[in-house]
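These are the structures, in structure tokens.
In the two complexes below, chain A is the common chain; its partner is chain B in one and chain C in the other.
On to the complex of A and B.
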């Protein structure tokens, strides 16, 4: 990746011209709508699932779920039919508010598939039965819409709105089980921490606006090169902006909300947060980093995202953050007894590995050729399937045993072999061992970091992987070596199929990764310059 | 003194006098009503500067929304008048004066050193330009915000609804 395609910054219509040029400005909206179909489907879908819910009985809480799946399928279909825009077709829509390129379509596909996997989990979740679920699906689709914006934003306004859209809906969904104390605690904590993080980010974005007088990422980047703003101010600005992204991907130092929120939220939504939300966070982080690392008018890379500013090395800052993120996540995971909390810390650790991939690429942005985002994207694909799979199996087990604590998994190997083997493979993949996608994914990340000279970071990451074996293997030991009480049970065909469907991609990505790697490498990426 | 100066001083008085009254008043309902004057005055200043849209938004949002919300909040929570209690101990004067003087100095020096320019020509009306922008260049954020408001409204209605535990409405 990527075929870089430079898109001209939008005209920046002045207030004197707006009336004269109004017909032109409006006429392009109609053509842009065609490329905006997946988003439009979601907009209508939000209203549709609530409408369906109005006309169904309360006991029939699955019905809006099927409709939500239909909406997601339709959105997926429009995405696929639209195809991956090639480098020539890549461009921006709605006067430079969002971009349309291969990267955006790829991320949207990933986000939609992740959400579509979460919906059946919602439909089969014990605590979400027999209540009105229209709002839940409406909010879930809304959250996805916000993440579409995050994946394709190119205007600072859209950056902020995408993140806020995804966040507000997430706050509400975390506290969806209103009577539950933990859900309320998680929801409130999420709102408070989230607002602070957004506030910090807006502060950074507003400094960018103040320095350059523009909200268009391309125009901002160009203006920063021309005006030669003070480097220390740029570093502070970049860190302030990073707060918002770090929050979405739960990276150090804004990771502390994750365990409480993950524990309080209903299990399917925890899965959604840990995977889909995180992928959207990485999409917007990559978009931001690339925008401000693009070659300037005189061919020199911008200092905000790449290169050295003062004595501070921006890739090194990212590398240190990645180190802290993975170490904190892994060390804290060692002591956890609740499955959701364990996976919360594990997801923080994985954010660290992914951040390592970003740190490895940053120095190469703006240089000729493919900067090499491919390991990060590949790992996101693998992470989607392995983490959602682990949550899916945990939900089935929790429904049977009535507890989300780890001892509930004891003896699972005897009681339900299919579940145990599935979870075993997901754990192997989360550790990063062959023959799973976790191995090939992590290998590529480590390789990229090593080749770009981040040797210390690679050593820390390998050490962390060794640490993580302890807590993942603890679950494997519980399942196969320990005695558990409770009857054995036969899985319904639907659940068994679902587990197999999740395992297949993990093994496929582990054994035959070439086609996926090739697809990711061929994606176009609209660089704004 | 031309008419603009007269209107300016009238509006400035309308901002400042109620502002002092809020600080020295003890009844919280009185405070909310005094706030009305301050907000009106600020809106008048905006209008005077030719920011017609901003001035009207100020009235809609702050007077129509926030001030009414304040009064509703008081009305729904307390039945008897609420008085702000004075501190039992006299607060120390010196730190307050120092911080106040420092803030005043910073603000005044910033205002004096800002290098204000006179905008040439008559102020044009802004509402039309803003409307044209919102429906052309900024149509996407404009429409997305409306979807966001809809979704958040649905969520708020869900959270505020009674009888959650059994899923009853």
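On to the complex of A and C.
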């Protein structure tokens, strides 16, 4: 066997031994709980929302939604009050199960805001009226809790738990509209693809455990350097692990589930999947890549993430995956006629753009510049607003026209100018044109990739941008240049405000990105190992 | 402040226009027109003030470097930085082309040690950047400088400035802005959106000509895209949607390549600068290999805009489908963005490539490359124009032909050639704008543009015929009108290239090959005049056509007058551009090996 040089895992451990090893086990849990407040709020919130639902009438399906919003607000508040831990404060909680650093807090903020935008969409979705919605919000909050774990996990077991927790709740939510054929199809496909991907990932994680006898990411990375594990084994292991992440971010080659699931799921949950779930996937992927790219104790840098393995360096492999992901996403999107499917492929393409930043996460030897995760975070912020905004407007339009197909958008510029201009701005931001955040965000990703010497990747990415114009511009064309039928309508103030609230960050980030970039640069990242 | 006003008044007015209720069409039109006139007057003031002096970029940056140095707390460090600035300035006199020195190199040379997180580190970087910028040859002609930090985290500045190259184009843009808005008085379909988009378009174009920070330039460059897309796509002809998306995708394909070039320069050797003047200085040290790719990348971006064969296919579609005023802006100034790119970016940033020091393929270098494509444009464009049945696409192809002269003049790299090229851009802006307006006038009456179906318009519309003939002859290059001067200068420059070129001497054969273009131009223009204005009237309806009205004369007359003025008194504009243009020639001459 080619991985004989493994460290034998320690045998069974009795509970006494555990206490011997961690004398402060109980007391530290108490102190760590303070930093765990946002998660605790969510845990209680899940119960609370279901509880509220039990005591409300069936037709009163919005009520648990308001409570869910309250829970999210409370969680957001605890996150903000906790602040961003500085580099000195950054560390791990619960004996190395989760990390607490600026990166994790920022990601959690992002995930919470994204979920909070989805909740009103759920509340106003016409197919989700007059049902018992307590479980829906409970599952949604549960999914968010799983994603909190994904953003801060540092133990391989936590990696797996976080992903699975977020996934199982997502399977249920996808198929929430039980009678709907497409929803059922989407739900089943999601479960099958998800289970396969998780299975593959768990196999990869188990090899890591087998090689090193540890589940702590830092210890694993250290042990891999010390034991000088076989490069071919490492590359196979990493690819196996990557399966799990790729499925979460819908990257090539595990992107097949996305279009069907996106089409089948209720629109607000599609929005949630395409933005929040993807952001969490990127958080955990970055955590993984950085952990294994951290300099080792003996100064020998880089094992998995950027070492030259089999004459292939890791950033190059990620770059190739990024190229395939964005190209496949964009080419497939050209042929779509359903808005949700189109945005599904567009979100695959965007996973490719974001992977470009991940490929640059660990500066290659000799390269300097900002770590690639910073542009990824910036782009995720932009992506959150532009993609959720697009879905939000699509939901309003779909409710009016009764169809989620593209022709429903025809003549929107005349019928509802505010919606049309809003969607237009989100589209040009998705293309990546100034003066929107999509441009500055993509520019930063390109910059990071170029800085790391991934020149081919940059060329492929800009070519993809040109390809993507065709299908985004189709929507612009439908809205403004084509004649549509249907009455014009005046938007309620609430919807109008919501559109403006999502457009403003897009323009702000496009014109004045300085403060956000500074904030992201100041975030601490707990380097494990 | 003046440049900001000229750039952003149209944009602000666009939002004002959007706020006016759409029924109040008169208010919308007048608001837009008055804003355009104000901007035009401001631009004229810029022209008038330019000669009067005022601080140029060299002086501005000198002052800013002094201010920056005063803020340095540590006196020892300040002395070192001053020594560093002195070293940079000394280097401007003695520096060999192949040297390449960044902030770290100069710091090392004077013994300045700065940690990455030291607050003075940023200061030194800025000091270096501005010292380099003030030393650039082009800096001495750049006036009305506005320089403020914009996106500090990436060292992107709001840097605007104007020189003899950009100001005439800015003036032309604002002039065409006034004329086009006046000409568009009869637009009834979605008037508000039309005028707002037109004003936004103007902001984009003026911004492109004035921005001297590469990032800012790119933003303006892209801003031009969407208003034009809508103008073609919404108010255009039958195939407008196809033409609009083609325009969009073509231009974007070019500009993303420019984005890549921009990144490559930004990162080269860790300079992290988008200041075009700084880049011009460091560019002298770019390796041949790098310049090769940079030049090709930027070439595609600008060539699509110019447009140069074989990237020209979007142009006939866009021009033919666009509404008249949009065609005028397209031909008049949008194409010049490409030409301007060659003058401002391609040549100074890749001097070795421009000088012909770098072989493109075998012994075929970039000078050959540009000259060949220029000749193809001239001749091929003229042949295509000859074959057109559609009046508007004939004018469109004549643009392709005329823009070829810009390339040929640039490739010649003599003073006369480069002046001719720049003047040709300006003149073509006048004459092609006029020709598109002329087509628009007849199309509004006849509702078709088929050249074979016209005839005898001359007797029915004598004033129109007079103005139109003037415009056509200006385009043809008749002596006494503006087109003649620039085309003659280009030919003189190309002919002289063997003896006087600053770069690789161009074979006079290129002139022979381009000459048929002149004959062909005369042919298609005279034949068009004959088919439209002379002969028997082919349709009875033509008898009902009124002659040009006030709106049309208002748009056409200024252009006609200017064609004559610059035809008999070209030095009016040549003297204005001279210094900036000879700088470009000198920069290239300095690296010629």
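Throughout what follows, the second predicted complex is superposed on the first by the 498 of 529 C-alpha atoms of A that agree within 3 Å, B and C clash if a C-alpha of one lies under 4 Å from a C-alpha of the other, contacts with A are read in each partner's own complex, and residues count from 1 in each chain.
As a working rule, contacts are C-beta pairs under 8 Å (C-beta built on N, C-alpha and C of every residue); 3 or more make two chains touch, one makes a residue touch a chain.
Remember, it's a predicted structure, so these values are computed and weren't measured experimentally.
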Could you let me know whether more residues of chain A are touched by chain B or by chain C? B
Please work out whether A:500 is in contact with chain B alone, chain C alone, both, or neither, and reply first, second, both or neither. neither
Report for A:192: first if it touches chain B alone, second if chain C alone, otherwise both or neither. neither
A:480 contacts which: chain B (first), chain C (second), both, neither? second
Contact-wise, after the overlay, does A:334 reach chain B, chain C, both or neither (first, second, both, neither)? neither
For A:451, select first, second, both or neither according to whether it touches chain B, chain C, the two together, or no partner. second
Based on the superposed arrangement, let me know which partner A:94 touches: chain B (first), chain C (second), both, or neither? first
Partner chain(s) touched by A:50 [first = chain B, second = chain C, both, neither]: first
I'd like to check the shared interface: which positions of chain A are touched by both chain B and chain C across the two complexes? none
Show which residues of chain C lie in contact with chain A when the two form their complex. 150-154, 218-219, 222-223, 225-226, 229-230, 233-234, 240-241, 244-245, 248-249, 252-253, 256-257, 259-260, 263-264, 266-267, 270
Which chain A residues qualify as touching chain C in the complex? 368, 428, 433-435, 439-440, 443, 446-447, 450-451, 458-459, 462-463, 465-466, 469-470, 473, 477, 480-481, 512-514, 517-518, 521
Touching chain B in the complex: which residues of chain A? 10, 13, 15, 18-19, 21-22, 25-26, 29, 43, 46-47, 50, 58, 93-95, 97-98, 130-132, 135, 138-139, 142, 145-146, 149, 155, 157-158, 161, 164-165, 168-169, 172, 175-179
Sites on chain B touched by chain A in the complex: 128-129, 132-133, 135-141, 144-145, 147-148, 150-152, 154-159, 164-167, 169
